[in-house]
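Which chain is which? They are A, B, C and D, in the order written, and residues in each are numbered from 1.
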Amino acid sequence: MPGNSIGERFKLTTFGESHGPALGGVLDGMPAAVQLDLDRIQAELQRRRPGQSKLTTARKENDTVTLLSGVFEGRTTGTPIGFTIPNGDAKPGDYSHLEGQYRPSHADYTYDAKFGTRDHRGGGRSSARETAARVVAGAMARQFLEQLYPQGPAPAVGAYVERVQDIAMPSPPAYYDAGTVDAHAVRCPDPDTARRMEARILEVKKAGDTVGGSIVVVAKGIPPGWGEPVFDKLHADLAKALWSLPAVKGLELGSGFSGTLMKGSEHNDAFTGKSGSIRTTTNHSGGIQGGISNGEDIILRVGFKPVATLLTDQNSVNQAGEDVVLSGRGRHDPCVLPRAVPMVEAMVLLVLADHALRQRSARL
Amino acid sequence: MPGNSIGERFKLTTFGESHGPALGGVLDGMPAAVQLDLDRIQAELQRRRPGQSKLTTARKENDTVTLLSGVFEGRTTGTPIGFTIPNGDAKPGDYSHLEGQYRPSHADYTYDAKFGTRDHRGGGRSSARETAARVVAGAMARQFLEQLYPQGPAPAVGAYVERVQDIAMPSPPAYYDAGTVDAHAVRCPDPDTARRMEARILEVKKAGDTVGGSIVVVAKGIPPGWGEPVFDKLHADLAKALWSLPAVKGLELGSGFSGTLMKGSEHNDAFTGKSGSIRTTTNHSGGIQGGISNGEDIILRVGFKPVATLLTDQNSVNQAGEDVVLSGRGRHDPCVLPRAVPMVEAMVLLVLADHALRQRSARL
Amino acid sequence: MPGNSIGERFKLTTFGESHGPALGGVLDGMPAAVQLDLDRIQAELQRRRPGQSKLTTARKENDTVTLLSGVFEGRTTGTPIGFTIPNGDAKPGDYSHLEGQYRPSHADYTYDAKFGTRDHRGGGRSSARETAARVVAGAMARQFLEQLYPQGPAPAVGAYVERVQDIAMPSPPAYYDAGTVDAHAVRCPDPDTARRMEARILEVKKAGDTVGGSIVVVAKGIPPGWGEPVFDKLHADLAKALWSLPAVKGLELGSGFSGTLMKGSEHNDAFTGKSGSIRTTTNHSGGIQGGISNGEDIILRVGFKPVATLLTDQNSVNQAGEDVVLSGRGRHDPCVLPRAVPMVEAMVLLVLADHALRQRSARL
Amino acid sequence: MPGNSIGERFKLTTFGESHGPALGGVLDGMPAAVQLDLDRIQAELQRRRPGQSKLTTARKENDTVTLLSGVFEGRTTGTPIGFTIPNGDAKPGDYSHLEGQYRPSHADYTYDAKFGTRDHRGGGRSSARETAARVVAGAMARQFLEQLYPQGPAPAVGAYVERVQDIAMPSPPAYYDAGTVDAHAVRCPDPDTARRMEARILEVKKAGDTVGGSIVVVAKGIPPGWGEPVFDKLHADLAKALWSLPAVKGLELGSGFSGTLMKGSEHNDAFTGKSGSIRTTTNHSGGIQGGISNGEDIILRVGFKPVATLLTDQNSVNQAGEDVVLSGRGRHDPCVLPRAVPMVEAMVLLVLADHALRQRSARL
């Protein structure tokens, strides 16, 4: 299928450009009988919304989602859920100077190279604005997962900003709930680190520059058995989903690159049955072995590059391939990380929901 | 579809267990009229073959591939290419002690958790042996890509071992041809580094232990325009393909995690038209912008954990969840990296071939 | 993927219930640079619209489509085209008596059996109203196909009502343009047959009863080479697409069932090169041989059952499985065929557009 | 995906040409823990085998299937099942006269039109010989379905020849077991009709000509709820699967075309709860309503054209488009229907197994 769908059994298809009439999507495969709390969906959209703090772009969007189908009397019916999010504060005129020019490290040139044409207004389809539809679908995936085991501990997925440029959390990856994470605008759960990150972002913003960093996401309460070898390994599908987000430069699972410095005798996660169930005493594996969840926390680290939109002059070319100097304009984020937290959660939730359903056909 | 296929238009489906009668696959979507050189396919299999040097497992396999369909008088016909690779030196008896026990950081437990059963002989389907089928298909993808632009520079994909544990190449990622890479058994193109890596691997092997490291893969000659936003971005599909290999712990594109420490003004790749075509003066993007190739080298770094099979005793559990001590036995690699080089190339080649075909429907 | 998408490279995903806020869809894979005439899309929707003549349901719907993305300055951009069609004249109250009861030969019972729940208002997702989104996408497919060969004869797809109950066209299947077909409300191009069909439908309507019949669809100007053996044969994909329409009971290709009465020596289509290109002297094959188009007209006949909604009393059961007598109410069509003509065309157009793109990867 | 796979969760991919080294396939998605009886799989292949009676082609093939993976100690493991069927009695030399010529109503011309090349030996990939792999996979699907409800009545699928040319069964479609059907070489369960059919086939064979007819297939014991609206309706997927078989010209579900002559009041299937469960008093629907099974017998009729290979001279063209006279040679079936019975069953079984698994994600 073309590139705007993700998932096998729990499948999201999205559409929409940054400055068109609306964004939206279709979530097909949501099982029937899930109670959908619309306020919680809207609340997740608010976490991704531009203009939520001085750390983010000044674009003002209410980002109100409207469900068009698939829900009846508050519960899903098993039919596809169509939804739209209107673009309110579109200012396409802001981008007219970009019509024939390519912004460095943006998708302007490559879209033209691919399609022979592009909607240049605000990056068109390549804008991070398209992730709003992912957050809506991720919020629905979360509610599905929460209702999956009425008796057991609910699966939970939480992300946070671990590092902004070189300012990093002092503690190893762990699960934090959204309340703790959102206590600071930068979405780092450690108060002291959060303050230093925010100062850095504002300083960089003042200079018209941008910074990147890393986000950690932890999924807990995932039962053993999710993931389909050999190509649709759970972490392979998570990797694809996370790498499909804008600005991703690196990904680690569990021990990550630091694990590649260890010896096997140090890195292996010993099993123990002492607790009455099969667990590992360490979790270098990051909750996945052989592509299948093992019941431990799934731990991933995602690196994001500094935002490519600058408010300074840059060397570039126009469509004719002639060198030009591009002047910085438009609204943008000095650091994508705070708003990327709900995007990262959404992608992980979508993959987990998909594999929750896929797992149902593993056995007679 | 279930998890044993990869690709949309250039699709590989594989089958086979470590100690069953044969491995194999079906490559569907290979265009007609590609001249297939079987010797080159076989040669790539030899690069992956166990027992090729003292750095690898002692298992002896000829790994001879037989094509069963889709090729007529030396050229592809457009119909699916079925192929098999018999398992020769299978010693399933070596694994009988594992029938009821779970090896740490292997897929033994998770396969049981998923399927309620498993073929315990040598890891069954979870064995890295299944990648032989990928290497065959990757070798065919390579020949397709080479013949795609008879006039232009042929796309080329080359991987090499950049680091074993903490012993790393002194130079940044670059393209090296297979001859240079294969000059040393460890598949590091820098002679001095290669010698030190080999010494480390033999030292670790002697101790019954294992080490990991990283592989760099570079694709050059890829035209601008490949990749399908927003979910099937070129690097998202590459990420999935590479993370589907056994033992992967981390992945970086272009500047990778180190790029997340830079400011936007440092990280952006300025465009220039000086050469007569649109190029970038740096390549922090790693050849992909907005999920679409931009014509620069595609550069990825893959981190591999130390092999989980040890020749020492380890704490583990049996199927009943009781603690046991597992004694190390069987044949294995002290370091997966030299043999992973052709696997990494194969996965990149498969994704590129797929997007070469997908790109054909981008425009009227 | 779940069941609400169709197509590999030209893929439509639809959503929407009969009495929800809106229907809609996402068309992903439309190539860039297609000039889209919105008036023509809307005109095709009008052909499917309820309330267009006394032969159809009294439900009044403007059926106005809104495009939300994927089109910029009148041309497609290669990004997904999202669209919605609001439900205007929804009267869900008309269906409250059906909440706990199952209408015979409708999908009420089977939706409950599958999902454990259903939106009972007007059939919910099972209503033929969902085909509005198909007609929109089919109209876009038509414009793509028309622009595919600027030099050559444009592919054209035309359907018409061949038979209502036992009143049938006196002539064999052939291509008729929309103007000729639409000259009569019943959409039969033969004036005398059309008049008799219309009289029959009105007579049956008066009795609160319904009738079925058959539609012929012809695609001309399709070049040889479209279709992918062995499972995605062109007629296999056409069959799936057409059988996915409501009320279909039978399908024939070319000579159809009557061809199964002939001997091979009578049925084979002899080739001749007399015209300067390779053609067949007869067309029992219906334009497809071995699953691939051969350049002759593609000819299909689709049989539709009489509409299941009656205005008379019927024996049925309620959700508890108790026998009840169901009284006929609500708005409905006495004969689905006139409005099914644009639906049939849409499904054929979608499949052809998909295979037009798939064909592009057949050769090196 | 390219065209040689079928199924979403229970997916068969096939490969192989008529005169290559082997046919085969990969069945991915078979759940773990199914007991596989290899003798029964082989027995189903024997039903499809050439040379089984004087009614079929003289080609002699043992058609012995070898399973290469996915089965351990007699039970499926959940991993893909690879299998091969060697081509024994290949006589490619018999076809050398066809290298540059196109047989009428075969796929010779269209394969060349698509791929620009073809394997001309015995039709290559377009030969009905490729259906052997389908029969193997269908036989495995049957065993899966039989073990699906250990307590309940097992789903069963039975096909038979209903009509050869104009010689037809006197009774309406019904389920017959394989023993009854196979009592006559022609696979018609009515002895008198069978004898007349066999006489007709031999008479036609003597004249070097061929005949077609129709096959009925009935699936019983299918629970309500299988099938995924709106595009993957159960009968839409069945239609695609059946139309993917060679030589199909028509398909009917339940009442079929004769149902299109009835009024709604005659055609509707009244529900009744008298038996303690919800059933219909008639079955014009053919077991499927709104694309979802309703628990009644699923009844389909498939029309097959007369075999295109004749032993008489025919007008045709060569690759240069010049008129030629083609002389009849080679081995072939005078009537495809007896051997098509297991093929039809296989396709229905594959679709049912797929939807059995897909249904598992319909509800929370």
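Simple rule for what comes next: a contact is a pair of C-beta atoms (placed from the backbone, for glycine too) under 8 Å apart; a residue touches a chain by one contact, two chains touch by 3 or more.
Everything quoted here is computed from the prediction, not taken from an experiment.
Novice: Taking contacts as defined above, which has more of them, C-D or B-C?
Specialist: C-D
Novice: Name the chain whose C-alpha centroid is most distant from the C-alpha centroid of chain A.
Specialist: It is D.
Novice: Using the average of all C-alpha atoms in each chain as its centre, how far is it in Å between chain B and chain D?
Specialist: 39
Novice: I'd like the Å distance between the centres of chain C and chain D, where a centre is the mean of that chain's Cα atoms.
Specialist: 26
Novice: Take the average of all CA coordinates in chain B, do the same for chain C, and state the distance between these two points in whole angstrom.
Specialist: The mean C-alpha positions of chain B and chain C differ by 45 Å.
Novice: Chain B: which residues touch two or more other chains?
Specialist: In chain B, residues 1-5, 8-10, 14, 29, 32-33, 78-79, 114-116, 125, 229, 358, 362-363 touch at least two other chains, as defined above.
Novice: Which stretch or stretches of chain A touch chain C in the complex?
Specialist: Interface residues on chain A, with respect to chain C: 1-5, 7-11, 13-17, 20-26, 28-29, 32-33, 66, 68-70, 72, 75, 77-82, 84, 114-119, 124-125.
Novice: Where on chain A does chain D make contact in their complex?
Specialist: 8-10, 29, 31-34, 76, 78-79, 144, 147-148, 229, 357-358, 360-364
Novice: Flag every residue of chain B that touches chain A in the complex, lowest number first.
Specialist: Of all residues in chain B, those touching chain A are 1-6, 8, 14, 102, 104-107, 109-111, 113-116, 125-126, 130, 163, 165-166, 204, 209-214, 224-233, 235-244, 246, 248-257, 259-274, 276-278, 280-281, 284-285, 288-295, 303-310, 312, 314-317, 320-323, 358-359, 362-363.
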